[in-house]
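Here subunit A shows up in two complexes: once beside subunit B, once beside subunit C.
Right, the complex of A and B next:
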């Protein structure tokens, strides 16, 4: 099984650099999600890999073969589009079979592949139905089944869940999850929906302004974003940031912020002391009506209930430069907090990320001053 | 009618108030219930004056024996004109000729138009495409009187340029418009030349209506071209294509100017079609009653064609939905 590699891939539309010198390898047998906000270049990158868009510079390799100049039909790929594409006027079965007819397969092999794809996508009940009668969700399943039956070397998904209704979305997502697990095929999946990416991906390639800024397994990407963008983009709401002062020299660094009752010892950070940014996920912030170890007094401005019963609590801490921020707490904790008034807030040090002035993550370990440095 | 309200001090409120002051008449008109009637009224009046009244007049005249040059008053003869047409063998010949002309010109222009439309569609990045398209559309925008006159000169047996080439190439001259075996085919060829650009335009419009993703999916799925046309392009573009064919069918059925200018219906009556026959009956023989009856029949045939097209389209759609 081959991997997909792109080398120094660039695509410009006039002055806009949609894909900006991207070099990346999509590992074989894995599901890689290209995740990023709208307009970050993820669909363009996928379309270049599919051959539907010509690159301005760079090359695309399937294994060791340079396919940069091959037409889409010669790349032996499958692609599922955002808009459910079905061949109209024929049944679900015929839709899946149609591409196989030009593949010089035996009739028995064709039937076997179509039956398998229908079974995998749960289309058995609608196999004989005309596709024109189907809802968008089922049509998208037909489109997926068609690509699965072709058994191409790679399958590309371009936001396949976007244009289906809410009920079908969940069902389709479940089907895709089962499918990707059972196929063990090289899959590139483009989405702007982080939940979708977190659910389906073996690894997520996070894109920003035409570049892949980080690639990691979902949990790692979420917990250890490589830069502020990753922290901000992932999560609902994203990471909250505060400026803090990093002082001292290598080996004896200290971090001071109104969010900590005392300076925090920092190990691992190198370079000159400067202002840094602290980042933490809202759900990692600990709140309590009573003082906690390492907590500081804060003020609840308001609290709102979210889907799932979690509380989103707007807080202010005296002396904090950007003053207000939000924390997400479990229902059992949220219920005990006042709607407005004083509370205590603590940032668990193992969940805190540090970013330098350029927004890049600083690989550092934080511990209360005086505590032994386990990293050494 | 509910009025839009804004908080008093917002810029939107100021803008709204300004618009109210500036256009009191327009606002009053906009808010009246008669507004839709006022909008549609002129079109309705135009339609009644220029379509319904003449049509009813035509229908009325078709029941009369009415000759413009005769001193005798018009005589009510019930269905006599229609019965005469039904019994006249030359009218059936005329209708047969017109239908043949219509089928061959529409068929030819459609096939050629679709073929050229596909070629132009696939040549999006070729240099000079825009200029080529503009030149190709020229026959369609030329007035038929110019086309007819040009072709009479081009195809002239003595000094026409077409015969200059036939003589150079095969050593023979042809009387394209005067020979009874060639005149019909030549008229068809000129009509096809003139109206193929229209079908190219309709084909390009039909192709533009096909979602890009469907074409790209078919390309990735390696679907052969004929199947792509059948399963992707036709389901999306058939309404526009059928509309083009319908318009051309109706137009070809009443073609008058081109055969009149090129052959004047001859030699004999080999290129005389319904339109020309109507003109001659009405404005050369001045038999207004008979011409009106023939016009009514022509109109009914045109309506029948339109109905068949629409029925075929809606039937297929309905059947697909019911299955």
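Right, the complex of A and C next:
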């Protein structure tokens, strides 16, 4: 098994830099999700890797081989598109078998591969059916099975679940999860859906404006975003941000904000003292009708129930420059909170991220002033 | 849209009346084929009559009829099949590679169908005479191919535009060549378009008279020319003969249209429904 590497890959469309000097390695045997908002260049990057789009600059390597100038048919890859591509008028079985016919395989090997792919994707019951009669979700399974049966070196998925109805979506996601685990193949999976990425990926490469801004396993990416974009993009809702003042010098830094009852000691942050941004996930914010350790008074503006029974609580804290924010609390907590009125809010310091003026994460540890610095 | 039941019945009645009015000449021909000459030219229309096969038998025994019928089949099917093959290749290129000025080129190609036939028959005749193609089989086939390509191209391009580019890309990624992609993957997706183009063009060639009369020779005459030129008997127009020939000649086309009518409908609405498929 080989990895996929791209080096200084750039693709421009007129003045637009869809892929902007990306150097990155997709490790072998792992599922890497390219995640980002629409138009961030993730599909273009994948299409360049597939050979369906020519790069403006840079190179693509499969293992040690430079495949930059190779046609898609010679790259030995499988690709599943957003829209289920199936050959209408023929059965599921024939759809999967069709590309194998040009591969000079023995009949028994062909049958074995098709049967295996059908079994893996749970298509046994519909194998003899005409694909024209299937729903989009099953058609997409057929498209995936066709690629799996070919046993290519790499499989690329371009938002394969997007055009599938809600019921089939869950089923397809489960099938893909099982498939990726059983294949142990180098897989690139493009999506703008973070839940999909979190479910399927071994690692997520987060893209913004043509660049990969961070790559990490899903949990790490979620808990420790490298910049404000990562914090904002991931989560539902994303991280909430507040501006705060970082004062003092190296070794004796203090962070002041109306969200803390007293200045917070900051260690690890270097450079000039300045305004910074505090970021915290809404579900990490603690709320209570009674005072909590390290809490400040706040006002509930409204609370709404979300899917799963969690409450989304809109709050304001006196003195906060950027006024309201939202916290997400468990049903047991949310039920005890007033629909509006005073509450107490606390930000657990181990869950707080700091970002500099450019939006990049500051590697710093926060502790209540006067508490021993365990980081040292 | 839900109309009142009585109003809906009225609409249906009007539709039936209009459809039957359109069908009347065809019905007249069909009935005439089985009438005697006397019944056919009688000043008072004869609705009840004893059907006779004499006209049909006479037509089949006519020395040139079967040769002309055979030529109608060969020229129609041959030229339309060639035209569709060429048009598919051209439509694929226009749809997938979109050369500069695609729309204008397509307009130019179709313009030959916009000119009235009598206006172009002379220049084409002169051209054919100069090339030595007049009254030849290949000249006649080429002419019908040329006339069938533009319309087929328009129909097929509409269909190909509706087939997502992802089909081509999947086939390429799956290791297929461009030809494999075109013929094994994309072509089956536009089957309704191919049938629609075939039927539309065969209707034209099957019934074409003027060019076959001017450009064709003894070995390339089709039935419409026989209908127009060989139907005099004793200085009079032989209507029984016309009716019998027409009846026989219309049958294959009516049968084909009946079998493939759903494709005709798709062909007539091509380009109106788009999207990834």
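Note that the second predicted complex is superposed on the first by the 376 of 376 C-alpha atoms of A that agree within 3 Å, B and C clash if a C-alpha of one lies under 4 Å from a C-alpha of the other, contacts with A are read in each partner's own complex, and residues count from 1 in each chain.
As a working rule, a contact is a pair of C-beta atoms (placed from the backbone, for glycine too) under 8 Å apart; a residue touches a chain by one contact, two chains touch by 3 or more.
Keep in mind that what you see is a predicted model, and the values were worked out from it rather than measured.
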{"item": "Room on subunit A for both subunit B and subunit C (clash or fit)", "value": "clash"}
{"item": "Contacts of A:112 with subunit B and subunit C, given as first, second, both or neither", "value": "neither"}
{"item": "Touched partner set for A:133, first subunit B, second subunit C, both or neither", "value": "first"}
{"item": "Touching partner for A:103 - first (subunit B), second (subunit C), both, neither", "value": "both"}
{"item": "Subunit B versus subunit C as contact partner of A:150, first or second or both or neither", "value": "both"}
{"item": "Partner chain(s) touched by A:52 [first = subunit B, second = subunit C, both, neither]", "value": "both"}
{"item": "Subunit B versus subunit C as contact partner of A:87, first or second or both or neither", "value": "both"}
{"item": "First, second, both or neither for A:69, with subunit B first and subunit C second", "value": "neither"}
{"item": "Touched partner set for A:181, first subunit B, second subunit C, both or neither", "value": "neither"}
{"item": "Touched partner set for A:78, first subunit B, second subunit C, both or neither", "value": "both"}
{"item": "Offending stretch of subunit B which, after superposing on A, collides with subunit C (from 20-28, 38-46, 146-154 or 164-172)", "value": "146-154"}
{"item": "Overlap of subunit C and subunit B interfaces on subunit A (superposed complexes)", "value": "50, 52, 71-73, 77-79, 81-83, 85, 87-89, 98-99, 102-103, 143, 146-147, 150"}
{"item": "Complex contact set, residues of subunit C against subunit A", "value": "164, 166-167, 169-177, 180, 184-185, 188-189, 191, 276-277"}
{"item": "List of subunit A residues in touch with subunit C within their complex", "value": "50-52, 71-79, 81-83, 85, 87-89, 98-99, 102-103, 143, 146-147, 150"}
{"item": "Complex contact set, residues of subunit A against subunit B", "value": "50, 52, 71-73, 77-79, 81-83, 85, 87-90, 98-99, 102-103, 130, 132-133, 143, 146-147, 150"}
{"item": "Subunit B - residues contacting subunit A, complex", "value": "211, 213-214, 216-224, 227, 231-232, 235, 320-321, 323"}
